[in-house]
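The structures come next, written out as structure tokens.
Both complexes below contain chain A, partnered by chain B and then by chain C.
Let's look at the complex of A and B:
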């Protein structure tokens, strides 16, 4: 059997897995810290993709450089979303938070999707850089530059977030708040402000994920739910509250999908994630890297 | 001079009122103890004073200024620090991380090294276990960490809700010695305790809380002598037992 196509597939699985990972990390952060389940996360990725696309189209700025614009823009949007919508949810008990945030963010998905159609039509867009299609070929295995760079950027962002949460005062306050918000407030931590910051970091990560999606995949108003679904599967796979775990689980899903082509056929590729989702919930409900 | 006062406060959880006009006053340098049966409202009173459960009627005054509108994190800045029932450590974080979180308030943050030295000198075991996860400490060590974490905030008044809960008698007696020492260093202490005899022996003054109201108050030694207290709180409760858990 010729192994080359298998390895090539796995390499692409690794690349897409990095995107699943960064998509999931943002979702996991907001859920872990304030128990807000934001199913509009995929639509925020869509938004990030469009921002990146328009910056490229209008100003010719490279999408990887544009991250420095996309991320702060989405961070600001996250602050506005939290203050305008999710702040009210975080005053409730934990279970109501999940239920209400689910409803609100589902509505938000519909709004973002339709606004995007209205503003930018339903056409599929893609950022085609001058170096799109170029890449390295090692032993017959192709490594397109855009995908390699996306994986590196995703990894850098995730590790930077991990360092922020573990090394800085503000980051530790976010972890403390996610463990016990009431005890955190007794430490003098402004819990509501911590929530805003954590949520906005999550949307900024969605923005970065969107920029990375825009260089290798198609952007359209309707891609939101697909990405939310992938991110949710990864978060459940990884377990709550593990940033590096979510990234690893994203890569795992990417690899599993790539391999599944040989096991169950390309037609069932999308099913693999959902089967994993159910299996993990049955066998290890706390997730692969979750505590408890 | 510090003075914390609850004046006729009513506190409710949803529709259920737990405090019916409770009043209490704590002065600079005192150890004040709050005793009373389960469900009398001790925890609720502490939570109200700490800003976690604001009163819907009545006022809380700090040095004569109303503070019942402030939230917990703002009261920490003003020196009011509560160690809640059950300690509520950050179990997934290390001992040293828990301690640094205690100094989150802007005023305390500048003095982290000095505060750490002080806490480590009171509880040397915390220095030995600085990198250990808080959730893996023994019950006694967890209570030490809870007190240490609260001291990092440089409290003017330290409130403790049932610090003896679930601890061995010898450990409880150590904790009470530490409280006496902290108080001697100038920290005012308000303590809610099931363990009435030990608490009354430690305290200067005492309040008895029954059914959401203060039923009597006075110097701890006098309260210790009253018939009602002897019968209701000292008769059945062995001085060594931790007492049952509050819901």
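Let's look at the complex of A and C:
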């Protein structure tokens, strides 16, 4: 058997897995810190993708550089979303908080998706840079520049977030709040401000994920649900609130999907992740990398 | 003044309402039975058909979500299975339609029981996303297995008549609503409500949560399957994967929440409101209805968890209080 296409497939699985990872990290952060399950995360990725697409189309700014515009914009949007909507659910008990945030963000998904259709039509779009088709070829295996760069950017962001959470005061405040918000508030941490920051970092990560998606894949108003499901699958695989675990699980899902082509055929690639997800939920509800 | 004043004596007023209720319900249902006798305008009949179908879907979703407290985001799968089984038996196996229709509901129920045995191991929000994931897996599988558009055979199209479709959907809506009306009057509903309020406490009292959730799911999926069968009877051609689309779930969720979850009237009000607004807006502004429903939905979740029905009760109480105050003054 010729191994070259298999390895090529796995390499592409690795690249898409990096995107699943960064998509999931943002979702995981909001869920871990304030127990807000934001199913509009995929729609925020879509939004980030459009922002980066328009910046490229209007001003010709390279999508990788545009991240420095996309991420702050989505950060600001996240602050607005939290203050306008999700702030109200953080007053509830944990179970109602999760349920109501799920419902609210479901409504938000509908709004974002249809506003996007209104503004930018339902057409599929992608950013085509001048170096879009180029890449390295090693031993017959292709490494397109855009995808390699996406993986590197995703990894940098995730490790930067990890360092932020472990090394800085604000990051430690976020972690303390996620463990026990009452104790954290007794220690003088402003819990509501911590929630805003954590949520907005999550949406900024969605913006970065969207920018990376727009370079190598397609964006359209309807991609939100697909990306939300991917991110949820990865978060559950990794265990809620585990940042590095979410990134690793994202790559794992990308590789699993790539391998599944040989087991069940390309048409069922999407099904594999979903079934895997339900199985993990049933067998190991705390996730593969989670602790009880 | 005196007459209204006496009418507003608390007990008196409520007795009047109680006596008048069957008459009001009768007055609401009677015209719907007669519509096809007075008009053969297809747009009117089609619109009412959609209202009945959506109310049925919302009501069936409400059984599991509103009464058993399980937010099932895989409801579309039951609709799809019902549509698939009904259409297959009716057109391919030439089973008489009503038999195929009933079997379609049963097929959806059987599927749902397997579905429930897996997903009811998940709690709360994990149940919600687990059901969504399984239903999406179903939709993709169906899209792969049955990629071709499904069309009624020529002779059936030639005999196509809107009237029986209208009555089927109307009958289904009345059937589901009657079931939901009867539900709180049964013993098993006490167990179902107990599971909704506190699963652990219910179990401690000797209520089997899984059993009661499965009963609610069986009812819910049976009616969703019948709604799918109604769709399969009504639509000349459609892609089988369309009946598995999450839109069927989401629309039912929206209609139920906006109307009022966990009430009999909620899905009826919500489903009617949903279709009415959607069709109103479809003429001029495509897709704006989803923005409106999304916003309304968020407002309901945040400010008015009882939906439009709760809003009506609040207005009603306020009006009563104001009236009785003017009487005193």
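Everything below uses one rule, namely that the second predicted complex is superposed on the first by the 292 of 292 C-alpha atoms of A that agree within 3 Å, B and C clash if a C-alpha of one lies under 4 Å from a C-alpha of the other, contacts with A are read in each partner's own complex, and residues count from 1 in each chain.
Just so we're on the same page, a residue touches a chain if its C-beta (ideal position, glycine included) is under 8 Å from a C-beta of that chain, and two chains touch if they have at least 3 such contacts.
Predicted, not measured: the structure shown is a model, and the values here were computed from it.
Colleague: Considering only the touch criterion stated at the top, classify A:102 as touching first (chain B), second (chain C), both, or neither.
Modeller: In the superposition, A:102 touches chain C alone.
Colleague: Counting only touches as set out at the top, which of chain B and chain C does A:113 meet: first, second, both, neither?
Modeller: After superposition on chain A, A:113 lies in contact with chain C alone.
Colleague: Going by the contact rule set out at the top, does A:149 touch chain B (first), chain C (second), both, or neither?
Modeller: In the superposition, A:149 contacts neither chain B nor chain C.
Colleague: For A:277, is the partner it touches chain B (first), chain C (second), both, or none of the two (neither)?
Modeller: Once the two structures are laid over each other on A, A:277 reaches chain C alone.
Colleague: With the two complexes superposed on chain A, say which partner A:10 touches: chain B (first), chain C (second), both, or neither.
Modeller: The answer is neither, since A:10 touches no partner chain.
Colleague: Once the shared chain is lined up, is A:85 touching chain B (first), chain C (second), both, or neither of them?
Modeller: A:85 contacts chain C only, not chain B.
Colleague: Quick check for you: in the superposed arrangement, does A:61 touch first (chain B), second (chain C), both or neither?
Modeller: The answer is neither, since A:61 touches no partner chain.
Colleague: Using the touch criterion from the header, give the chain among chain B and chain C with more contacted residues in chain A.
Modeller: C
Colleague: Which of the two partners, first being chain B and second being chain C, lies in contact with A:232: first, second, both, or neither?
Modeller: second
Colleague: Considering the complex alone, what residue numbers of chain B touch chain A?
Modeller: Touching chain A: residues 50-52, 71-73, 76-77, 81-84, 88-93, 97, 100-102, 104-106, 108-109, 149, 153 of chain B.
Colleague: In the complex formed with chain C, which residues of chain A make contact?
Modeller: That would be residues 37, 39, 85, 88, 95, 98-100, 102-104, 106-111, 113-115, 117-118, 225, 229, 232-233, 236, 267-268, 270-271, 274-275, 277-278, 281-282, 285 of chain A.
Colleague: Once bound in the complex, which stretches of chain A touch chain B?
Modeller: So the residues of chain A touching chain B come out as 169, 172-173, 175-176, 179-180, 182-191, 241, 291.
Colleague: Which residues of chain C touch chain A once you look at their complex with the stated criterion?
Modeller: 71, 118-119, 121-122, 124-126, 128-130, 132-134, 136-137, 140-141, 144, 246, 250, 253-254, 257, 287-288, 290-291, 293-295, 297-298, 301-302
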